[in-house]
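Just below is one structure, and these are the notes that go with it.
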Amino acid sequence: MIFNLIAPFNTPEGLGIWIAAFLTLCIFSFLYKDNPFYKFAEHLFVGVSTGYYISIYYWNTLKPNLIDELRKGFSALGEGNVQKAFGLDENGSIIAEPHLRMVVPLMLGIFIFLIFISRKNAWLSRISFAWYIGVASGIAIPASMATRVLIQAQGSVRDFCIFNAGCANAAGLDPQTATTSLWINSALLLIGTLCAVAYFFFSLPSKGVLKAMNKVGIYFLMISFGASFGYTVMARISLLIGRFQFLFYDWLGINI
Amino acid sequence: MKTKLPLTVAFLTGIFMAFSYFVERDNVDWVRIIYEELNQNNIVIGVFVLYLGVATLIIKHAKNIRDKDSDSIYSWIVIASTFVVSWIGLAQTEGDSIGTNDNFQWVFNNFQVPLSATMFSLLAFFVASAAYRAFRARNTEATLLLIAAAIVMIGRVPIGAVISDALNLSGSFSLPAIAEWIMDIPNTAAKRAITIGVGLGMTATAIKIIFGIERTYMGSGK
Amino acid sequence: MNIWQKLSSIDRRWVFLAMALFVAFPVLKPLGLPVTTTKEVEDIHSFIENLDGTKPIILGLDFGPSTAPELTPMAKALIRHSLSKGIPVLGVSLAPDAPGVANDIMKWAESELNAVMGKDIAYLGYKVGTLNVILQMGQGISKPFPKDYYGNNTDDLPIMEGVETLEDCAMVVGLEATAISDLWIQYAGDQMGVPIGIGMTAVSAPEAYVFYQSGQIVGLMGGMKGAAEYELLVNAPGAAVQGMDAQSLGHIVILVFIILGNLGYFFGTKGQEISRLKSLRDGEK
Amino acid sequence: MIFNFLNLIFQIQIKEGKGPVFLVLVLFICALVFFLDKARKGASFKIRKIAGLDAVNEAIGRATEMGKSILYTTGLETASHIATIASLTILSRVAKRAARYGTRLQVPSFDPIVMTLSQEIVRESYLEEGMIDSFRKDDIFYLTQEQFAYTAAVEGVLIREKPATVFLMGYFYAESLLLAETGNSIGAIQIAGTDAVTQLPFFIVSCDYTLIGEELYAASAYLSEDSSIISSLKAQDFGKALLWIFLFIGSIFTFFGSVKFLSIIGGSS
């Protein structure tokens, strides 16, 4: 273990490391108790991240996807090429670059800000939200049905296919891998899924068979929550290791 | 009008997007074009929604300062840092892209990174104190929770293999293998059940939004 | 208060202190515990190993600084692996706090691996709208990303030769801190048929097991452990392998506290208040 | 048949492998419409009471007894997310009780639109209870849209205001444990509810009561007694029942070698 010089103050890089180390310690101080340093860091964080997002949104989306397109559209309009201005080619069919067609989202975007500006016209913002959320919901309907429901269900059923040579071949599975332990596991997986689904069945009172299934279901849920918790501990510690690596290696200059 | 127009818009955009899922888009031009257009639009509207948050934030803190709130010094910090960082990001960028703005990257590396990473790393401590307090074997459910957590915790790190060797546990009875089995079988079963249920709920909500039954997002209540 | 009761009610700041000490120690003085690899990670490795041709891999760099300790090592190991196979890597970000971190990774690849920017690697930057962006990439990658992060025209980059849409890419590897992995799987994977590999924070990984089990993704890297495994698979141990010792000790600290808590619970007064809610005390759920 | 019909009218072919999703969706929508229609005609549906819903009332009562405030967060998602919608429904119920007892209610928000909605909902609840004079608009406030900056700020509120009761309802990410542990450290009673599968374990270990996944939706249906919410829960139950039967029979048939069941749900992945 070699102690190098602590990061130098006088270079931009060194100064940056000092700032970063100070802010790191400000946040860590919350572990002991709330204090003005934490409160300072808390508010600085809100401000810095807001400034960061303003810039990132502008350069990565607002400018290339909206402003540049509009500018190109207007310059085409200036040249008298109306078709090109709206993103059409000579034959009148639509090309990828939308140009002036981006006026639509621009308008919808401006509507959103009417909330602040004009009480009378604030309802127009609803159109923007409706548009935005309508598109998102439309995409979600078939997709969540397919990915979250059907393919998940298929996954459970497919496990059993492997025990029949014909089915396994048709589904592209290797029947050689079908062993007793796989059989037990597949059965457990199915029982666990069925019972846990039953736990979330709200229409019938929890009595008799359903009650027993609910019980097994909650056992599976609890094992799953425990397992996730245990698995997660690792992630949380990784982050702390990352911070320590920064403090020790970058700031204090310790070499191992 | 104030209700019907937005509802119609949500219906049309939603129904189209749902429908386009089922269409071989490359073969049907009009579907492909509208589909791309809606996607493109939503990317841009998304930015405005995010800027709405920025505006709300600044208005709130400006109000704090105006009202001479006891904590208005902190509101100053928020507004000043927002202004400085966005000035560096917007005004100091040459050319067309923020990727070449080293000052901005410097601010990111030395302010945003330590603040957000340290905030997140507090979880390491909280996860320990939560585990200590909550993992007590007081009934069957809590015991299952505790055992599963302990096995996975130990089985997922190198020391788990070391302990298994010391206890002469091998093959599918070693700690890493048991941890793996818990993740694969009981964990998958339970997660699958939740995922299916939540998936149905999401589908139902999206359908209700499109048909104008669910209108919370418009602010008109029920 | 007897000793058992004390054991079951240690002030949480002592827990914090123990945690800090035991994680800091191996960071300063590594113990060198062995790391074993798992099938989920090997699957991604062998998938890339068996790729033919020079179609690029899309690397979804969808994480910010907060989860970088887990995911950056994955990104670096993956880039190292695919470049050594002659497969270019095309980075994109769907999370707003990602570009700063991703830019650092690109710069690292340039200097460490002598990668040529624009040819071996490229970074298209961040775009708002997650799933809209993925869907749009399915229509044409340059549609949502007309320019790369450094201001070049995307279509002019050498890496884009013969690549138009997402479907022209060899695979997508999404390194995710949030639910964006679901979107890659649902839309790029299930809808467009592009093979998907996922690297996730250890928190989200359990949820992704379902997708691995159902065959919707080719492989899965979970947390710093997954990153360490990949580092070992490509023979370049780095920050993740270094961190594994601290992981082990951290886990032991927690387990010791759990054991202390339970000892206290069993030998102390068992009738301690468990829930402060009457309705729950009556019929423990 | 439906596919042919579509083909005829729009000259559009259903994409290969998407047929099953289409059929299931049609079935699901039919069920939804059926239950909604029945509810509209006055049929009342019963749903099982979720153990621990009493906890909500009890927790509010505790804050009142102690003369402290209640903190309610609606999570980190937008207003189109089902968990946020469910949370807003429960908020309206909580706000009514808080208004009746004169307990202060604070709602720090992550999303500006959700904030506006929360304000409206809480105001309405105070109005209904005839307590509009004690409604404080500034108690429902916007913080920021950066995840951990939001977390830091809510932690600040928790530590400084020391509410007696904390509700964490909605969709959460990694901040779940930071919020719940901080809430626990100030001795607040905490009731959580989320459909974020990854965050459930943390709420389970650090909160007094947790609504798991769909229980959150069911709780909002139960508390709101709103026919549209209840009937959609019914449709979801119908979907689950169908799926349950499918899983059961499908597994048996597949085990005995019927490839059919695999292809019924379609998709090759």
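Here the chain labels run A, B, C and D in written order, and each chain numbers its own residues starting at 1.
In this section, a residue touches a chain if its C-beta (ideal position, glycine included) is under 8 Å from a C-beta of that chain, and two chains touch if they have at least 3 such contacts.
Just so it is clear, the model here is predicted, and its values are computed rather than measured.
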item	value
Pair with more cross-chain C-beta pairs in contact, given B-C and C-D	B-C
Most distant chain from subunit C by Cα centroid	D
Inter-chain centre distance, subunit B versus subunit C - centres from mean C-alpha coordinates, in Å	14
Rounded Å distance, subunit C centre to subunit D centre (Cα mean)	28
Between subunit A and subunit D, centroid-to-centroid distance (C-alpha), Å	18
Rounded Å distance, subunit A centre to subunit B centre (Cα mean)	4
Residue numbers of subunit D (touch at least two other chains)	18, 21-22, 25, 28, 78-80, 113, 116, 143-146, 148-149, 152, 174, 197-198, 200, 202, 204-205, 212-214, 239-240, 243, 267, 269
Sites on subunit A at which at least two other chains make contact	27, 30-31, 39, 41-42, 45-46, 49-50, 52-53, 56-57, 60-61, 65, 96, 115, 129, 133, 135-137, 139, 141-147, 149, 151-156, 158, 190, 193, 197, 200, 221, 224-229, 231-234, 236-237, 239-240, 242-243
Where subunit B touches two or more other chains, by residue	21-22, 36, 39-40, 42-43, 46-47, 49-50, 52, 55, 57, 96-98, 108-109, 112-117, 119-120, 122-127, 129, 131, 133, 135, 141, 145-146, 150, 153, 156-157, 183-184, 187-188, 191-192, 194-198, 200, 202-203, 205, 207, 209, 217, 219
Subunit D partner contacts - residues on subunit C that touch it in the complex	12, 66, 97, 178, 189-190, 201, 203-204, 206-207, 214-216, 275-280, 283, 285
Subunit B - residues contacting subunit C, complex	21, 32, 35-36, 39-40, 42-43, 46-47, 50, 95-100, 105, 108-109, 112-114, 116-117, 119-120, 124-125, 127-129, 131-133, 135-139, 141, 146, 150, 153-154, 156-159, 161-162, 176, 180, 183-184, 187-188, 191-192, 195
Subunit A contact footprint on subunit D (complex, rising order)	18, 20-22, 24-25, 28, 45-48, 50, 78-80, 113, 116, 143-146, 148-149, 152-153, 155-156, 159-160, 198, 200-202, 204-205, 212-215, 218, 233-234, 237, 239-241, 243-244, 246-248, 250-252, 254-259, 261-262, 265-267, 269
Parts of subunit A lying in touch with subunit D, wherever the complex brings them together	27, 30, 34, 38-39, 41-42, 45-46, 49-50, 53, 115, 129, 133, 136-137, 141-142, 145-146, 149-151, 153-154, 156-161, 163-164, 166-167, 170-171, 190, 193-194, 197-198, 200-206, 221, 225-226, 228-229, 232
Interfacial residue positions of subunit B with respect to subunit D in the complex	21-24, 27-28, 31, 49-50, 52-53, 55-57, 60, 115-116, 119-120, 122-123, 126-127, 129-131, 133-135, 145, 191, 194-198, 200-205, 207-209, 213-214, 216-217, 219, 221-222
